[in-house]
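Next come two complexes built around chain A: one with chain B, the other with chain C.
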Partner chain A sequence: MDYKAALKEINEKMNLEFSILHLSEDEVYLLASPDDFKNICLALHKLLHAPVASFFAQDARKEKGAFKIYCSFMSAKYKKWFFVVTEIPQDNPKFDSLAKEIYSASLFEREIKEMFGIEPIGNPDLRRLRLHDEIWPNDVYPLRKDFKVPELNNVSGVYCFNKVEGEGIFEIPVGPVHAGIIGPGHFRFSSVGEPIINLEIRLGFTHRGIEKFFEGKNAGDALRICECVSGDASFAHSLSYAMAIEKISGIKVLDDTRLMRAVFLELERMYNHINDIGGMAVDVGFSFPAAFASIVKENILQLNEKITGSRYLRNINCIGGITMAWDKDKTQILRDSLKKIYKDFDEIKKILLSSVSFMDRADGTGILKKKTAEDMGITGLAGRASGIAVDLRKDFPGIYGEVNFNLIKQATGDCLGRLFMRISEFEDSIKLIRQFLDKLETHRSDAPPHKSTGLTVEDRRVRDPLISGIRPQAAAQSNSDIKEGFALGYVESWRGPVLYWVKLDKAGAIERCKIVDASFLNWQGLSFCVLGDIIPDFPLCNKSFDLSYSGNDL
Partner chain B sequence: MRIIKNRIRKGVVTKSIDMGFLANAEIETMGVELKKIIHERFSRSFHIREVDTGSCGACESEIIATTNPIYDIQRFGINFVASPRHADCLLVTGPVSKNMAVALKKTYEAMPEPKFVITLGNCAYDGGIFKDAYYTESGVASILPVTFHIPGCPPKPIDIIKAILTFLKKG
Partner chain C sequence: MTEITLSILQVVIIMAIAPLVSGVITKIKNNLRFRSGQSIFQPYRNLKKLFLKEEVISKHVSWIFMVTPFIVLASSVAASLVVPVFIVLTKTQQLGDLLLLVFLFSLGRFFLALAALDTASAFAGMGSSREMFISAFTEAVAILSIFAICLNLGTTNLAAVNLYTIRLPTIIAAISLFMVILAETSRIPIDNPETHLELTMIHEAMVLEYSGRSLALIELASYIKQVVFFSLIGTILMPAFLSNGLLRNFTVFSAYLAKLFALCVLVSFIEVHLAKMRLFRTVDFFSFSFVLALVAIILAALGV
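Right, the complex of A and B next:
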């Protein structure tokens, strides 16, 4: 049964009205009335067996006199992203909450309430995630178009933590400033003796207002901001954003550009995975492999710099292309380095896996069951460690479809499972890069590197004022090959999916940009997996997830 | 007894480090200078407390990289400490999210005198790429007295070490 038949069934059997809008080959929009919105979401959720991938609002009061909300599900089976869309009247901004039926919608609804003031009726928890009550007044919603920065003098709100009460229960507050060199976040443990009974994670300390900051920015300029959303996934974020813009504007990306991008994506995966493998060793006090891993990480960062000029793969992505040229030397450097890196990595792996005390700490610690993970919508590596076989590189393969690559998952969902995931993904990345390099060598065209517009060579000859003599003004106009519209960009970063839903206006400026980093849903997974474990195991669990503070807080 | 035997048989296990394309000599000469200054002025150990006020994480990654075996900044007497009470210097990254302003002030207040603040990364200077975002203060200097700034987005580990040396030399 293809998806159209399935949707028709929902339409007829359940008597739910919606119209279908196809924009690109992998996105389907279902336009519904506010009354049917919830039921359509529930029906889709049941049909696709997928958690909410993204759920956000958009202020369309100027054009429509209403807010729009979009609830998105990913389907690996149909290779599509489904969006349920409805308009919410501005004078009564409310909708029926999905949170009680689909748990993964809960955090998104809190976000919509916080940023737009649209109330999800029936969501039991509407505390704010990022605008802290101590700082920000209650009724100021930053993502509304008529938002003005308020006076912040007379704010005295209090955030209510979940209270666990009983004999012998005590609370341990940790953060926002932590002992190590890491991002800020507040962790509140409730425990009896050593085992953790409840962990509440309060984030938002690195909130900078990025989604608002995107608004009005030129589509090309905003690429540099994407790289600073989460520094350790700079390339994945910029790629996801670039994909969205390319889709909107119908820009075709050359094959060798796609290959190069895949190489960089895998390099990013490698340096982060080895960092976390080392980090897990640190957190059990096993310093030799940790130091060894940090050398390998540094080697990969230096390799990045050698090839691209940037240790964190910044400033190389642009709309429609890559700003650098590839040559034989680079292929050779990569091949040589990978050989050496693999040898070192193998040694670290052996040291770790043959240490009884290390294995004892990691094995069976921080278990996240598959059912729990599914309900919470845990994505990416952490999800695969719990047995959820979802990987965008496999489900929406693109260039990955042309190489040999197996989806790896673990069944245990404990720290060791996540460690094994990292180890096997690291090894896979090396294999993938080698295959991509082979392909680059065979069908490498001699196209010069793309400049910021990222047009093909032929186009550039026409557009580029320096080459063709077109007056700069005309060039500036055609520079906006960027068209009006909206689309979703998605990339499997090393943590998991990074989604950018972008809407551009007529001038090619950003009207709304919704970012979902894999960390956003996965933080809940961390707070669940530590329950019953002892507090000294928390750092290990934390590192086994290694989630981004800034990617979550935006 | 077995342990001692084992120990003698194995000897010292070492591994030669690949420095990549870094000039090893450069780090070493800087190190000698750093060590000398820190020996004289900070009685051998210069303690830094790091606070992230909303950076993207790349600056943190580079600061951590200065402690890896390739740079190994600790051998020159520079340590990153877990508590502000132990620190001579506060190293701040990020454009200062409004949520972090209080925590940043409290961390500074918890440090013993004499103390000073160094900012790291373009965001910390004036907000950097996030200048004028609605939820950021405009850089650390609007909250604390800043004595020195290490530019970059993010600065490389070798640049961080260089900058610290330049700063300490200045007096």
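Right, the complex of A and C next:
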């Protein structure tokens, strides 16, 4: 069935009115009246069996005298992203909450409430996520266009944690300052003895107002901000953003560039996965493989630096291309290094999987059931470990469609399942990079030499805007091609989907940029998976997800 | 030299080398993990740093919190008097026997757990609860395996150790005792001495509220406890090179150091090559050592 037929069915059978507002190659925008908004979302949710992928508001009061809200669903079947859009009058900013029917909408609705002051009627939980009541006054909505920074000193509100009461129940507060070099997050455990009855995670301590910071920025400049959203997924974030801008402006990206981008995306996946595999070993006190894993991670980071000049793959993307040239030497360096990395990795894998003491800790710990994961809208690696077969590399393949790529999933949903996911994805990444390199070489031989505006590694070091304050050339050049419009960029980062919805105004400046990192929804998965497990197993569960604080807090 | 001076000398030597043993274990572990690691003298520097630091004491604690570091240290020092380390001293070592050793350490642990509860910190409470859970097993197994050794010795007094010949039950009991020692010295697979990850700690959680001088005393006490246990194993399994009454030459002393070093290497290997057990799985670990101790007793009673 075509997606149009499906939409028609919703239109006719369920008697819901909407018009198609905008259509692009992989996005469909349905404009609904505020009254029908909820029902259309529910119908789409039912039709697509998909959680809410992104749900956000936009301040369009200047042009339309109303706020706009967008609720987005991903459909692998139709290869489309569906957006339900409605306009909410500014004098009565309210809409019907989806949270009771679609749980994955709940967090997004809280976000809309705190950032825009638009009230989701019927959402039982309207506590603020990032603007902590202890310092932020009420009725301050940062993402409204008329926002002014308030006095932050004289407020002392209270955040209400969920309470579990009864005999023998202890509350254990952990964080936001931890005994390690990790991000700040507050974890409130309620336990009876060791088993955990409830875990509430409070985040937002690294809220930097990134979405606000994007507003008014030149589309090319903002690329460097994306890399700071979540440092360990710099490349995925900048790629997702660049993709959105390229879609808006209709910039065609060369196949070579797409291949190189895919190579970097996989390199990012590799260094993070091996880091987490080592991290899981650290958290159960298994120090030998942990030390080994840190060596492999360092090798990959050094490889990154050798090829791109940046250990964390920053400053590579620009709108419509990448800022560096590719040559035969780099292919050779990659091939050689991958061989060695694979050998070391295989050794670590053997040590871990043959250790009874390690397997005993990981097996059956922190089970996230498939049903829970689906309801919460758990995405990416954690979702696949629980049996949700969604991977943007498979569902919207792009360049991945030209190589041999199989989706990997696990059924168990426990820490071991997530470990297996990481192990197989690491091995897969090596295979993928090799195939991309083969493609790159054949492209080279039959295509005219690539006209590269790229800079050498040394040049790029000098030109790194974070060091020298000079903007990368390539990004600046393409500014004239930027057009007005809006689009969604999406990339499967190592954690899961990274979504950038960007709206540009006539001058090519950003009007609204909505970022969804996989961490945002997955943090809830963590708080559900530890239930019934004992407190000393929490660090292992936490590491098996390894979610981003800054990617969530924005 | 009189026996009293020699006893005091023994305590001083144990106190002096105790941090070194910890430093050596850390160094070996790091080298096994391809790391250069900190100097083996780092524990001394840490102690010095802690002794010089200001101490922060919660307003809400009682006298128990204040006296605990002294009691813990005193119990460890007293324990170091009881074990023949490299000299057999009939007088002081007859003051107590192996059972006293177990109870001396229990005393220290009891006060540590109390002091942790005294602070009313969530982590400290968790730590005491875990420590008590584990000590319920370790004490039983320790007494059983010591009993097996005593059956072989013919007395509960370790001063008789240089007169006996090692037999199979003693070796089995020593293995069981060694497993207990891993737990008592907060080592993997029971506890992880390296982590300060709040949620998994046992021993470190109990001492979380201590700082400055008090923390230094507690750290020193746990170093001493470790050496006393290592010496005990060394004495039981390798009674040779124990000097009878007088410190004749350095052979005795260097043999003792060699024994300690061998144990350090063993412990380091175990720590690097095992993951920490799930908390409730430690029961299996102790069941195994309990069975070993039981087998040792039966064999000893049968006269094998």
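Just so we're on the same page, the second predicted complex is superposed on the first by the 517 of 554 C-alpha atoms of A that agree within 3 Å, B and C clash if a C-alpha of one lies under 4 Å from a C-alpha of the other, contacts with A are read in each partner's own complex, and residues count from 1 in each chain.
We take it that a residue touches a chain if its C-beta (ideal position, glycine included) is under 8 Å from a C-beta of that chain, and two chains touch if they have at least 3 such contacts.
Just so we're clear, the structure is a prediction, and the values are computed from it rather than from any experiment.
J.: Taking the superposition as given, does A:Arg208 touch the first partner, chain B, the second, chain C, both, or neither?
T.: The first partner, chain B, only.
J.: On the A-aligned overlay, A:Ser97 touches which partner chain: chain B = first, chain C = second, or both, or neither?
T.: In the superposition, A:Ser97 contacts neither chain B nor chain C.
J.: Using the superposition on chain A described above, determine whether A:Glu194 touches chain B (first), chain C (second), both, or neither.
T.: second
J.: Quick check for you: in the superposed arrangement, does A:Thr257 touch first (chain B), second (chain C), both or neither?
T.: A:Thr257 contacts neither chain B nor chain C.
J.: Does the superposition put A:Ile225 against chain B (first), chain C (second), both, or neither?
T.: The first partner, chain B, only.
J.: In the superposed arrangement, does chain B or chain C reach more residues of chain A?
T.: Answer, by number of touched residues of chain A: B.
J.: Quick check for you: in the superposed arrangement, does A:Gly180 touch first (chain B), second (chain C), both or neither?
T.: both
J.: Touching A:Ala291 in the superposition: chain B (first), chain C (second), both, neither?
T.: both
J.: Of the residues on chain A, which ones does chain B touch that chain C also touches?
T.: Residues 179-180, 291-292, 295 of chain A touch both chain B and chain C.
J.: Quick check: in the complex, which residue numbers of chain C touch chain A?
T.: Where chain C meets chain A, its residues are 29, 32-35, 122-123, 125-126, 129, 188-189, 192, 194-200, 271-281.
J.: Using the touch rule from the top, collect the residues of chain A that touch chain C in their complex.
T.: 170-174, 178-180, 193-194, 281, 283-288, 290-292, 295, 355, 357-358, 360-361, 365, 534-539
J.: For chain B, which residues count as touching chain A in their complex?
T.: Chain B residues touching chain A: 15, 17-18, 20-22, 50-65, 68-70, 80, 82-83, 94-95, 97-100, 102-103, 107, 123, 129-130, 133-136, 153-154, 156.
J.: With touch defined as at the start, can you tell me which chain A residues reach chain B in the complex?
T.: Chain A reaches chain B through residues 130-132, 134-136, 142, 147, 149, 152, 176-177, 179-184, 204-210, 212-213, 224-225, 227-232, 234, 275, 291-292, 294-295, 297-299, 301-303, 306, 311-312, 314, 340, 548-550, 553.
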